[in-house]
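Take a look at the structures below.
Okay, so chain A shows up in both of these, paired with chain B first and chain C after.
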Partner chain A sequence: MATLRLNGIRKRYPNGITALHDIDLDVVDGELIVVVGPSGCGKSTLLRTLAGLEAISDGELTINGRRVNELEPAERDIAMVFQNYALYPHMSVAGNMGYALKNRGMPKDEIRRRVAATAELLGLSELLERRPRQLSGGQRQRVAMGRAIVREPQVFLFDEPLSNLDAKLRVQMRLEIRRLQKRLGVTSVYVTHDQVEAMTLADRLVVMNAGRVEQCGTPMALYEQPATLFVASFLGSPAMNFLPVTVHRDGVVLPNGTQLALALPVAMPEGRVTNLGVRPEHLVEAASRPDTAAVLDVTVEMLEPLGADMLAYTRLSGLEEWLVVRLDGAHAAHEGQRLSLTFSLADCHVFDADGRRVSMTEGAAAKAQACQ
Partner chain B sequence: MSAPFQRHRLTPWILMAPQLGIVLVFFFWPALQAIEQAFYVEDAFGLSREFAGFANFQAVLSDKAYYQALGTTLIFSLAVALGAMSIALLLAVMADRVIRGARIYRTLLVWPYAVAPAVAGVLWLFLFDPTLGLISGLLGNIGIGWDHKLNGVQALALVIMASVWKQMSYNFVFFLAALQALPKSLLEAAAIDRAGPWRRFWTITFPLLSPTAFFLLVMNSVYAFFETFGTIDTVTSGGPGGATTTLVYKVYQDGFVGQDMGASAAQSVLLMALVGGLTWFQFRYLERKVQY
Partner chain C sequence: MHYRRPGLDRLSHALLVLCCLLFLLPVWLAFTASTHTPGELYSQTAPLWFGEAGWDNYRHLLDGSVGGLGTDVLTLLINSTLMALGIAIGKIAISVLAAYAIVFFAFPCRRLCFWLIFITLMLPVEVRILPTFEVVADLGLLDSYAGLILPLIASATATFLLRQFYLTIPPELVEAARIDGAGPWRFLRDILLPLSKTNLAALFVIMFLYGWNQYLWPLLITNDADYLTIVVSLKRLLTSADGLVPWQDVTATAVLAMLPPIAVILLMQRYFVKGLVDSEK
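Here is the complex of A and B:
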């Protein structure tokens, strides 16, 4: 059982690349933190510095209040599941799982008992004598999990453990990891670039971008109150729509000159360019909201029926990007059709020119941003 | 019947013909001649010969010098193979960790392989020359009298050193390549699994190198048996008192120096059988242990 504290962690590689800039994060006991971000943003680097595989250039890392910067990986009592699983090819499944226990000098009987118990938990009992190359991808993934679990470590680290599996297995293993982590109650840091995986697994989510933490909080808090344009565009599928607007006396003006009578609750100087973000599910047909003053006239260019929903990729004149709308699955829309859309002020997100959220209700954004 | 890409029946044979020709002319033909020769007794001038059955083999197998050469060969081969492989492994492990100047370091370590066996022999001969040698001089200063021309043990040690030095580079290249092909994440996983550097080497790196080590064991055995002839010839010529006469060297001595073709041929047939048997044993019993 452990708490993990990252205090201004910085990582500079010998070639001069700074992969992590002042990362601050507190992980409480038993929590599952998911770190998500685009490729190359420093997720693996973060995990490797936690594990002790990379030296920390600056800042302090503590586990249960004890500084561990200088400790070897072996001394940190951390288990890691690698993206390629890193199973020892010359050892059986039982050998792989028992390796760490053997290194600790545990008696053979005790090792066998613990390996058997963990194998039972993961449904690996039949496979204990096999070599890794005789296993399927999903089974290998399980063995990699088992190797971490059997040690009963203070902290689990997962580096994209599901990215080599097919879609169905990924969903299944995702649920299993969630169930196991809650059952074992081991503090975990889980890295992924899949935002669906991130949203479904996380107790708290950390969104990273270019070596920095953009925002951290519960998945829903980040979804509902994204602190930056980056977070807003990264979470949610399909992504949030952004309308570049200019602040006007009685509302805002779209690039094509259409005026929307939106009374932004915060005072913004006239002429200021901002980004208005609206999620696809928050765009509705204007007919259903007779009282609205903000109407967008769009043309449907493409439809994607998903069963329960239908995604409409629509064109708003003067806007380069598509405006994506989530319609009801039974909607009778066809390509080329004109639609009038609207949204409520409560559902839109305002970002200033440098991508920061403009707070609509005092305090909300500040709360979402606190990582410690 | 056969897949379209296998339809060219003739082309592979044409492409292999030069190599097959060389093997036939320079290996199978002389080998067959040697086997034939082993069953004949020839007069001193090679003018006439007479079928002798197993007489040549009987003569060889009842000769004490033959057993001495067999013993010398076993000690020599074991020492050369183990010495060349373990030193090469040590150097490869260290070279694998070098980051700065790694290429220079590796190039220097590969050089001995480009040196001809006789030249390597002469090099070591100079270093250990009883009167002029650099190393023998140093040894003399610390009270060890070195004279491989009189001392059989020292002579054997010297040819072993020269042969190890020569073969080490070959092994080094293979070990280094194998080390660099090991997935780094395995060693990282082991480090997280509480294995220290020493334990990581013996439980992860070494077992994963075993296919390479097995291949090198076969190659080094063959090298030690056959290809060290040049080194032995230049350094000690099989002496003193037969202390460095290996089986191959004895084949040469009896056949080309002693002009006893029958005995020489019988010995080479026995030697072929011995190396063939050894290689078969290595594949049969060791190879299974190194697969994973």
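Here is the complex of A and C:
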């Protein structure tokens, strides 16, 4: 059982690239933290510095209050699951799982007992004598998990463990990882670039961008109150729509000159350019809200029926990007159709020119600081 | 490649058989010649079939009086085997460690070290044979197994090949082992060596043959018949004092000289095949 504390962790590679800038994070006992972000934002680097595979350039890392910066990976009592599993090809499943225990000098009987128990937990009992190449992708993934679990470490580290699996297996293993993690209660840090995986797995989510933590909090908190434009655009599929607007005396003006009578939640000087963010599911047809003052007239350019829902990619004149709308699956829309859309002020997110949220409520502001 | 054309199949088989026959012919001739008496060998052209004297010829070689060499064939075989084994094992041990250091450890000047090893590839034994002789003589290693083996024990080729293989090992495997608490020696023993089993078996065969076929170096540093190797002895037999070459001895020795290398190849072949079947990629 462990707590993990990152205090101003910085990583500079020898080639001068600073991959991590002052990362602060507190992971409480038994928590599953998911680190998510676009490719190259430093997720793997973060995980590898936690594991001790990369030296920490600056800052302090503690596990259970003990500084571990200088410790070798094996001494940190962590286990890591790699993206390509990194199973030892010449060892059997049992050999792979027991190798760390063997290196610790554990008696053979004890190793066998623990390997058998873990294999039982993961449904690998039948496969213990096989070599990794005689296993399917999903089974290999399980063995990699087993290798981590059997050691009963303080912390699990996962680096995109599901990205080599097909979509269906990914969903299944995702549930299984969640179940196992809760059952074993081991503090875990899980890296992924898949935002669905991130949302569904996380107790708390850390969104990273260019080596910094953009925001950290529960998945729903981040979804509902994204602190920055980046977080807003990163979480949610399809992504949030952004309307660049200019603040006006009684509302805002769209790029095409349309005025929307919106009372922004924060007073802003006239002429200020801001971004209005609205999620696809929050755009509704104006006919259903007779009292609304903010109407967007759009043309449907493409439809994507998903069964329960239908995604409409629509064009708002003066706007370069599509405006994506989530319609009811049974909606009778057709391409080329004109729609009048609206949204309620409560569902819209306002970001200033440098991407910070301006409509943040007090509670959300406090939550966003909860990483420290 | 497999084309569905019976004609082509038959043609390629015929070619294959022809080539095999061409390769085998000298061996066959040596073998048949080794079973004839000297008289028969001098009175006729190379015999294509066995003679009567096979048993006597071979026993004579084991008696200890091979064409005035002052030693028997068994000693020659043992000397050669010891030298070849020493060279093969030594080369592999040194190259494994050198390649391991070069690939997996970041120490100052490791590129320089690699290139220094690499350029010695371009220096054949013959080029450095005089200074090496000088050193070995000063160390008092003339006429000794150490003198036969040590100067030939470093191998740039094997180091290079093993380095290339080690470079293909995924870095995650190294990291997983580190997390699993395997120190450098454990990693070498438990992971690297088992993974390079196939390569090591192949290298062993190549290096054994290399050692077995050494001629110039053993010739130079051994005077004592007790340290004579079989390859050198063949040449000595050809230049016998009375002018008449004892062809039956030469061919029989040659046939015997082929046996240990064949044994090594057959023994190691199991490992290649097993390695190939077992291998991950």
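Side notes on the structure shown:
Keep this in mind: the second predicted complex is superposed on the first by the 367 of 372 C-alpha atoms of A that agree within 3 Å, B and C clash if a C-alpha of one lies under 4 Å from a C-alpha of the other, contacts with A are read in each partner's own complex, and residues count from 1 in each chain.
Following the convention adopted for this analysis, a contact is a pair of C-beta atoms (placed from the backbone, for glycine too) under 8 Å apart; a residue touches a chain by one contact, two chains touch by 3 or more.
Keep in mind that what you see is a predicted model, and the values were worked out from it rather than measured.
In this superposed model built on chain A, chain B and chain C take up the same space, so to speak, and clash. Once the two complexes are laid over each other on the shared chain, residue contacts for A:212 go to neither chain B nor chain C.
With both structures placed on the common chain, the touch criterion links A:78 to chain B and to chain C. After overlaying the two complexes on the shared chain, residue contacts for A:272 are found with neither chain B nor chain C.
By the touch criterion defined above, A:248 reaches neither chain B nor chain C. When the two complexes are overlaid on their common chain A, residue A:331 makes contact with neither chain B nor chain C. Counting contacts as defined above, chain A residues 51-53, 72-74, 78-80, 82, 84, 86, 88-90, 99-100, 103-104, 131, 133, 147 meet chain B in one complex and chain C in the other.
Residues 183, 185-186, 188-196, 199, 203-204, 207-208, 292 of chain B touch chain A in their complex. The part of chain A that touches chain C in the complex is made up of residues 51-53, 72-74, 78-80, 82-84, 86-90, 99-100, 103-104, 131-133, 147.
Across the interface of their complex, chain B is touched by residues 51-53, 72-74, 78-80, 82, 84, 86, 88-90, 99-100, 103-104, 131, 133, 147, 151 of chain A.
By the touch criterion stated above, chain C contacts chain A in their complex at residues 170, 172-173, 175-182, 186, 190-191, 194-195, 278-280.
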